[in-house]
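These notes are about the structure you will find just below.
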Amino acid sequence: MSALASRWPRPAMPSNKVMGLLGVLTLLGCVLLAISQGAYGLLIANWHQGGAEVFWHIRAPRVLMGVVAGMALGVSGALIQGLFRNPLADPGLIGVSSGAALGAGLMIVVGWPWLGARAGPWALMVAAFAGALLVTALTWRLARREGQVQITRLLLVGIAINAGAGSALGLLSHLADDEQLRSLTFWLLGSLGGSQWPAVSVCALVVALALSLPLWHPAQARALNVLSLGDTSAQMLGVNVQAVQRVCLVCVALSVGAVTALVGMVAFVGLLAPHAVRLLAGPDHRVVIPGSALIGACLVLLADTGARTLVAPAELPLGVLTGFIGAPAFVLMLHRRAALA
Amino acid sequence: MTIGAHQLSLHKAGRCLLDVPHLNLPAGQVHALLGPNGAGKSTLLKALSGLERTVAAQVVLHGRSLDQWDILALAAHRALLEQDHRVPFDFHVTDIVRMGRYPHGARPHPREVDLVSNCLQQAGALHLLHRRYDQLSGGEKARVQLARVLAQIEVSPDDHAARWLLLDEPTAALDLAHQHAVMRLLREVAAQGVGVLVVLHDLNLAAAYADQVLVMNDGRIDAQGPCARVLQPELVARIWGVVCERVGLGQGWLAFS
Amino acid sequence: MKRRVFMGQAALAGPLVWPAWARAAGESAPRLISLSGGMTEVVWRLGAERWVVATDTTSNYPAAAQRTAKVGYMRQLSAEGVLALQPTAVLGTHEAGPASVLAQLRQAGVPLMLARADHSFQELLAKVRLAARASGLREAGQALEAELGTQWQQALRRIEQVRQQRRQRQAAAPRALFVMNHGGRPQSAGRGTAAQAMLDLAGAVNALDVDQGYKALSAEAVAQARPDVIVTTTESVEASGGLSGFWRHPGLAYTPAARQQRVLVMDAMALLGFGPRLPQALMDLHQGLS
């Protein structure tokens, strides 16, 4: 530190490497917890009487899906909050969640025999993913003016598109018969149940590709830091604001779209994970982005473990648990932040 | 070493926002940009900094028009300080100042480590070094942002290209002592060869510290030249509609009635 | 008891068969999971309730069924939860789900015995046959089938009798409307519902024979439909706070049924569940409508 600065000593904070290690260890702990808990107890004891199969074909893909979903939602939350310069932003703002819901709703209620015949059980996931991408692209397109996207405009267009998609979903709910309505309702509540290796592998691949840029290239994180100063200030500092916006939106659309297509709507994770990281380790996006991946994964794993075990042999929807864990955690964090200030 | 513009004109929704046929500002001087509200001062500043993409070809910095400059190289040689100092997340003061170094990632300064503290000291904000930015007062935030733009144009000693500081009302949130401190700082910076273009509302402040003053009205530069020659009561009455008279104290102050 | 190898789902589930499961099956007493209220009633009527390890949340009759372990709502099962109970058979209707969880269960070799819920007497017979097969009570199953068949024929004959008499008198079939309100907004039954099927069997005409499924009650549409009698469930009347509260609903208050206070209140599961109470429920419905 320079001679000048040493007159004002910096308050002690654990280094980023230590926090990173702690985060990875916590995630491993959550994975172990998720793997060992479940309605099918004592896997090791009855490994040869069906326990091995339950582990490999039911619990393991589900835990992996939980990690993938948590990372996708956490990182996307961090990217969106950085892009909108607002800690209350959430990936749903750009229409990706409501687009997926609309795609799923159309598939459930109206159906598309051509796709259903060719894709079978994959049809619903494909429809939801396509819906997410199309609605996000529409939001992006409508927010462009003179070749540029202003964030405030993107926010307003996103609100309008979400409202429109919501109305369309309401119409679909009205047109649905009893069975379709229940399918739609449960899809909207979100669940990791029914996760199987083929679908989970494809989803993990898409998410890994989508998140490779923000997670492994610090340049994107540094640019998001500078973006906090404002669009014009960032431009003056040499940040290609339009490119940063495009990268963020593509990453979020692909990763959240893929996850929502498989799991349904999961609330709170995208909002909560970046907040937690900022409280623990500061607002530098080089830390917030990977940190949100870790914390998001932990949150989803914990919520899913609860969903599977609290009312066994039945199961609670995932969204209920993320809310139950997330809401008090959020309030606690705000309380602690106010106390620190 | 100069920043200049040629046939710079900007129209939006039928209104003429800027009409500057020719402009040439040498570096190493403090230029004050004055004018009533809506005269186009901020617009001219944005155009000269390159924010207005449509007229980037008409602005020339160091011999090249703005649209020919590489975005990061341009950022390393000219900084714009705007009026909005809000930052959404709880960054520390050092984080903010360090953001000014973003364009220099490829060519760091030999004394990069000390830059943050040096710039903060120049801006009179060194005592804020470990504070959180969002907890500062408006004036303190303004000074931290000033340190940030100073850090932005701090280039390696072997880079001799002209550097420019464009400031939009930097004294707006500051108390009397800090207003003068900032203006003194700008003179020091100009003495090191940096070109300074600052929008001010206080004519006396401009008269005390600026080498040259440009008076704008309705998107045009009405008058340009040394303060003593330009800032006359007749001009003030014509442009601002305010009656004043020169008072012969020190650097020729204006007293308003 | 057969282990099903489900190759059709290979694209989604992967080509696996669980040998360990097959070994365990067929070696001990049946362990049954019963989904859907009607199926559970059938299991109890057969006398197979001692082998039931769990039911779903719609299985509330008889009272003993409420005290079994619950696997959740039949359309939202948990694979691990079902497998943890180590069932020898899962009984229910084709409405069980979700499809991916059913695929996982099939993959694990759990026999899924699901009757087609087409709202007919065949549905009830299918339930009896599947339950008899799963529990090994073949004679009891055949006896129950015969008993229900007799009751059913009796009911159909009586309904036909009344229909002939009505035709001779040139009187119209009664116009009925099925209304359900289990908390929230009241709904009427359209085409394709169990309620519609029951009204058809009982020789009545659904006064509001439009849309598919249960739809929110439109006051004006109901007033225009002019049903002579309202059929509803006991839970709906309770939710409305008694019969007086029930009639106060704007859609129902201005119908011919309201003027004559003609309402038929029946137990929801007996009427719509297509369980062993079906023939009796049909008789009760028919009597109430005439």
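Remarks
For clarity, chains are labelled A, B and C in written order, and residue numbers in each chain start from 1.
The working rule: a residue touches a chain if its C-beta (ideal position, glycine included) is under 8 Å from a C-beta of that chain, and two chains touch if they have at least 3 such contacts.
Just so it is clear, the model here is predicted, and its values are computed rather than measured.
A centroid comparison over C-alpha atoms places B as the chain most distant from chain C. Of all chains displayed, A has the C-alpha centre closest to the centre of the whole protein C-alpha set. Spacing of chain A relative to chain C, judged by their CA centroids, is 39 angstrom. Our note on geometry: chain B versus chain C, Cα centroid distance of 78 Å, whole angstroms.
Per-chain CA centroids place chain A at a distance of 42 Å from chain B.
Listing the residues of chain C that touch chain A in their complex gives 9, 11-14, 16, 18, 20-21, 24, 54, 57, 69-73, 75-86, 95, 97-101, 103-104, 107-108, 192-193, 212-216. Chain A makes touch with chain C in their complex at residues 38-41, 48-50, 52-54, 57-59, 120-122, 174, 176-179, 181-183, 186, 191, 193-199, 308, 311-315. Of all residues in chain B, only 49-51, 71-72, 74-76, 78-80, 82, 84, 86-92, 95-96, 99-100, 102-103, 105, 113-114, 116-118, 121, 126-127, 129-130, 132, 135, 152 touch chain A in the complex they form. Touching chain B in their complex are the following residues of chain A: 1-2, 4-5, 8-11, 85-87, 222, 225-226, 228-230, 232-233, 235-240, 278, 282-284, 341.
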